[in-house]
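Okay, structure first, notes after.
When the chains are written out, they are named A, B, C and D in that same order, and each has its own residue count from 1.
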Amino acid sequence: MTLQAFLQVLASGLLMGLLYALIAVGLSLIFGLMDVVNFAHGEFLMVAMYATFGLWLATSLDPVVLMPAVTALMFVLGALAYFGVVRFAMRARTNVGMVQIFATFGLAVLIQGLAQFFFSPDYRSIPKSWLGGKTLDIAGVFLPLPQVFGGLISLLAFAGLYLLMDRTDFGKALEATREDQGAVALVGIDRNRVFALGWGLGVALVGLAGVVLAIFYYIHPHVGGPFALIAYVVVALGGFGSVFGALAAGLIVGVIEALAATVLPPAMKSIAVYLLYLGVVFVRPSGLFGRL
Amino acid sequence: MSGEPILEIRNVSKHFGGLTANDDVSLNVGRGEILGLIGPNGAGKSTLFNMIAGALPVTAGTIRFNGRDITAMPGTARCALGIGRTFQVPRSFDTMTVLENVMVGGFMRSSSTGAVRRAAIETLDFVGIGGRADAPAVELTPPEKRRLEMARALATRPQLLLLDEVMTGLTPAEAKAGVDLIRKVRDQGVTIIMVEHVMEIVMPLVDRAVVLHLGRLLAEGNPADVVRDDKVITAYLGERHRAA
Amino acid sequence: MTHRQLQLVLLSGVVIALAILPRVITDVYMLNVLVLTLMYAALSQSWNILGGYCGQISLGHALYFGVGAYATSVFYASFGITPWLGALAGGVISMLLALGLGYPCFRLKGHYFSIATIVIAEIGLLLVHNWDAVGGALGIQWPIGPDSWVTLQFARDKAPYVYLALGLFVITWLVTYWIEDSRWGFWWRAVKDNPEAAESLGVEVFRSKMAAAALSAFFTALGGGFYAAFVSYIDPESVMTFRFSLLFALPAVLGGIGTLWGPLVGAAVLIPLTEITRSYMGGSGNGLDLIIYGALIMIISLAKPEGILSLFHRNAKPDARP
Amino acid sequence: MIISRRAALIGAATTGVLPVSKLLAQGTQEVVIGAIYPMSGSNAQVGVDARHALETAAEIINTANAIDLPTAKAAGLPGLGGAKVRLVFADHQADPQKGRAEAERLITQDKVCSIVGAFHSSVSNTVSVACERYAVPYMCADSSSPSLHRRNLKFFFRPAAHDETFSKGMFDFLDAQRAAGKKIETLALFYEDTIFGTDSSNTQRKLAQERGYKVTADIKYRANSPSLTAEVQQLKTANADVLLPSSYTTDAILLVKTMGELGYKPKNIVAQAAGFSEKAVFDAVGDKLDGLISRASFSLDMAAKRPSISYVNDKFKARAGRDLNDNTSRQFMALLILADAINRAKSLEGEKIRAALAATNIPGSETIMPWAKVHFGPDGQNPDADPVLIQYLGGKWVTVAPKDVAVAVAKWPMNP
């Protein structure tokens, strides 16, 4: 492989990795807050893509312009998912983990069905947009603009998340809730409100990723699955609950996956990512940056 | 209290990173005695306790049980040799009934379910919660949970029983019942080490008191003498001042 | 009569009723649903050993199912060895695999363990997908032969498959029943509820997990062998995907995790629901069947978090948590 | 085996189809045909389109149409007293087990006299075996794995080509281009890790060797991958004279987008249809595909020679909102061929329909396909279902090969 080809694969891997991190961080946030693994995460991504597509179809505005609207919508959806589903799942007295997994799995199937019902199972895409199909050529290394934009959004989201967790009352409430759920009630924080906000935030983050993906990817009721699997691996690799871990693991997974496809038969490139995960947790059972 | 000690702790230290939890602690426990391990918060009682139970590895030193070096042995194996324990915050098996909880311990000594069940019922009667045998463990009151923990540990037929703050949070009447139960256990020939934070409750019960302070052995001897020891008083007063 | 004897009587009743069923129901489609229900009950019972009793939530059991299906198919299609032996071989291979994988994996806790099982099953899927000696993506076609209990091929008759699936369920049930009241059963539940406390009571935590994994993998592979014989054609996508791992856990969770009857009750609700919504509503292609299926799973798991079975417990336990 | 014999008898009784006389006496006047397709899951759109295609075919069978297609002229099937065709659809979710269960349900509950299906070759595999066991003809409309007709099944029929024939057509075209002085030395194979991708690439690899082409990239990728960047980078590095993709819609869109992003313009693409005949792909990335060549079972520009094609296409478009393509044309035609056999069999009994199908002899001109004719070998395969090659030029498909049906000369290379 030439140096240029290597740099190309590396750059593509990093850009994809930033996107993986953005998809995964919402999952990690929700987990860190309340120990819930959300099996409908991929479907939230899909909903965000359809929301972008639907709004684009209705308003002809560019996806970039639609981003705040879609993100806000996803925030509301996340909060609703908490109030409508997860809140009840957390009431379980025993095997809480399994109940959550299957309640959110049921939600995932339901959302897929709704998507098929309202949008038909056809493959949609946004053929024309400001960024779509445009590419930066830096000395023979091509950086597609939608992915560059996605990478920037991802970095901004992580910076914002850092500030939010570190500087705001909401961040402190989140932190307090995840430290000790019982104590929170004593200091007068409404647990349900914090959880709902946490879900809203987590789903809004995956909403950002959905808008970016809608620019350059196809849209389909089942589009979430492969991304969700990667997101789970990213979250676990980085350490459940760790925001920085999600970013680091996302980048690692993106690069490893891209490089593996040049070394292994491409059909088996995911094996490299999976082995990496296993290798890391066998040495560090709580991931790269996990607490536990 | 004659003959060779059941437990010998020799120069045991424990470091957590740069933090020293126990520093060069040596201690003998005689067969059949009730030993009180006391000291203010952060004295290193729980750490020492967990090292004896095998839940934590030592950094340095040796622990011998019945003359046998058990320093590197995991908790499971120590249980097989005859060391039982309870937990500071009771850890019952919450999907099981009270009886089943105790049976888990019983399988240490027998693989016949019938025999284990019969023995477990006896043990439950012995600790005084025989009437709750079929209740789910999760429904027990806190004092009942402490008794369940004790029954579970007794079901493994220990020679040495480690009790971790079993009196904490009990009303005076409950504590009195607890004291009676511990005496009854000792009368069966079981050696007991109990960690307690509150001295007043345990002093009449223990044969010998060992006071830890800042990870080191501060005083040891007859409980009546120990509570009058200046060093001990300072250690506890110091803590009260800090707390205030 | 003790509680345990009552269970055996109940099982006999269920077995007799189910054995008579193929003589009453003659509809091939309904018998097919019955076969699947019993098969998933057996597979979920196998999963329950590790996931329900021992508390190790595996979401990668499709791997063992696939190993069973592939071992049986390769032995039969390539060497003419009867699926009875093939499934047994698959069971043994799976058991060894589970022990080998358990060694590193049981160091992991909670979600790290579950994700590891997903990832390992995905690796297995990709390897089989790209392994030409076992057909790769093309899969393995069973030779079409006459009806026979040796080759387990029956052209139109579903009753033999009902009996085979029922047999598999009864075996997994009896094994669970027997273990539930033995040292291993107590140890597994102790490991699930509180590993630290279990260790202090002399429970061999690691060995308990390994034993549960081996047994669970063995029976899951037998189920895979049965499925291969039942369908007579397998490919990686139709026996090794994540979907199956979920389908093994789901009945136990819906019925009552870590209970003797949970898997059967859960499968009896879930499988007919899945099949019938698809068959009678799926033809339109508008996703309505998925909407109903998804909503029902959600509602059941939320309304009865301890499983459908908890409906029948007389001493329904009050909610201890806020 | 008392049980199995008994059940077999019941099976025969329930499956057994009512004699025509009784059927007519009851006034049902219905020929029930099952259709098994993916109606949910990632390929659900295929099922939805198939539904439109088959319903279009049923409409043409059931009404009188002045076109030259089998069973089109009269309303209903004259051989059965004008009986109408009724379709029953079932969802197989790409699962061979579910496909078989649905086949058995359609046969025993809905009493279908034959079944059409199933897109996925894996599902066609189990469905055809079930049909064989119940002596009900299986019309394999669109599954293209060559292994399907090599299993000695009596009730299996496939009027369209399979992957070997398709690939042969593609290489015949390449040979012709080379003979015309075009430089074609190197090929890049790009295929998904499924039955379709495996069958397609195996044949292409073999043909490349036999006919003296050098394969410089041989890339199997995981279907529905989130990213194909590294894979496309390898294609770009190889920069073969012809890229031969075997991909479905999702990956086809991603492949073309990624090629654009990495600044790779392949010299030529000759696609194994699939995704490259789907509207969704051209909606998404059609601007980058001008000059793409695909093998096809169907070509709309043949409508100039055969009025029936535009007639059918209009009817289909009214239902589906899109033109007929490689899959939907095959599904449409399969039902007509089946109806023709049922009409000639004058019976709904599986054996008789089977016999009629085996005796099928429809000239190509009475189809909407570019086939020479429709007849079946002993293996149930139509040996004369040669594909055409069509090129996507200025937003329209143009037939460019073989010579006798070509409307225009291929634009070659696609990207200079």
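Observations
Methods note: contacts are C-beta pairs under 8 Å (C-beta built on N, C-alpha and C of every residue); 3 or more make two chains touch, one makes a residue touch a chain.
Just so we're clear, the structure is a prediction, and the values are computed from it rather than from any experiment.
Relative to the C-alpha centre of chain C, the farthest chain centre belongs to B. Here A-C and A-D were compared by C-beta pairs in contact; the pair with more is A-C.
Chain C has its Cα centroid 31 Å from the Cα centroid of chain A.
With centres set at the average Cα position, the gap from chain A to chain B is 48 Å.
Chain A and chain D have Cα centroids separated by 38 Å.
Chain geometry summary: the mean Cα position of chain B and that of chain C are 43 Å apart. Residue positions 93-94, 113, 116, 121, 221, 265, 267-268, 270 of chain A each touch two or more of the other chains.
Chain C has residues 126, 129-130, 258, 285, 287, 289-290, 317, 320 in contact with two or more other chains.
Touching of two or more other chains is recorded for residues 94-95, 138 of chain B. Of all residues in chain D, those touching chain A in their complex are 40-42, 44-45, 47-48, 193, 219-222, 224-227, 229-231, 233-234, 237, 249-250, 253-254, 257, 260-263, 278, 280-281, 283-288. For chain C in complex with chain B, the residues that touch the partner chain are 181-183, 186-187, 189-190, 192-194, 196-205, 258, 317, 320.
Those residues of chain C lying in contact with chain D across their complex are 22-23, 26-29, 32-33, 126, 129-130, 136-139, 141, 144, 147, 154-160, 227, 230-235, 237-238, 275, 278-279, 282-285, 287, 289-290. The residues of chain C lying in touch with chain A in their complex are 57, 104, 107-112, 114-116, 118-120, 122-123, 126-127, 129-130, 242, 246, 249-250, 253-254, 257-258, 285-299, 301-302, 305-306, 317, 319-321. Note for the complex: chain A touches chain C at residues 31, 37, 85, 88-89, 91-99, 101-103, 105-117, 121, 221, 229, 232-233, 236, 240, 265, 267-268, 270-271, 274-275, 277-278, 281-282, 285-287, 290, 292.
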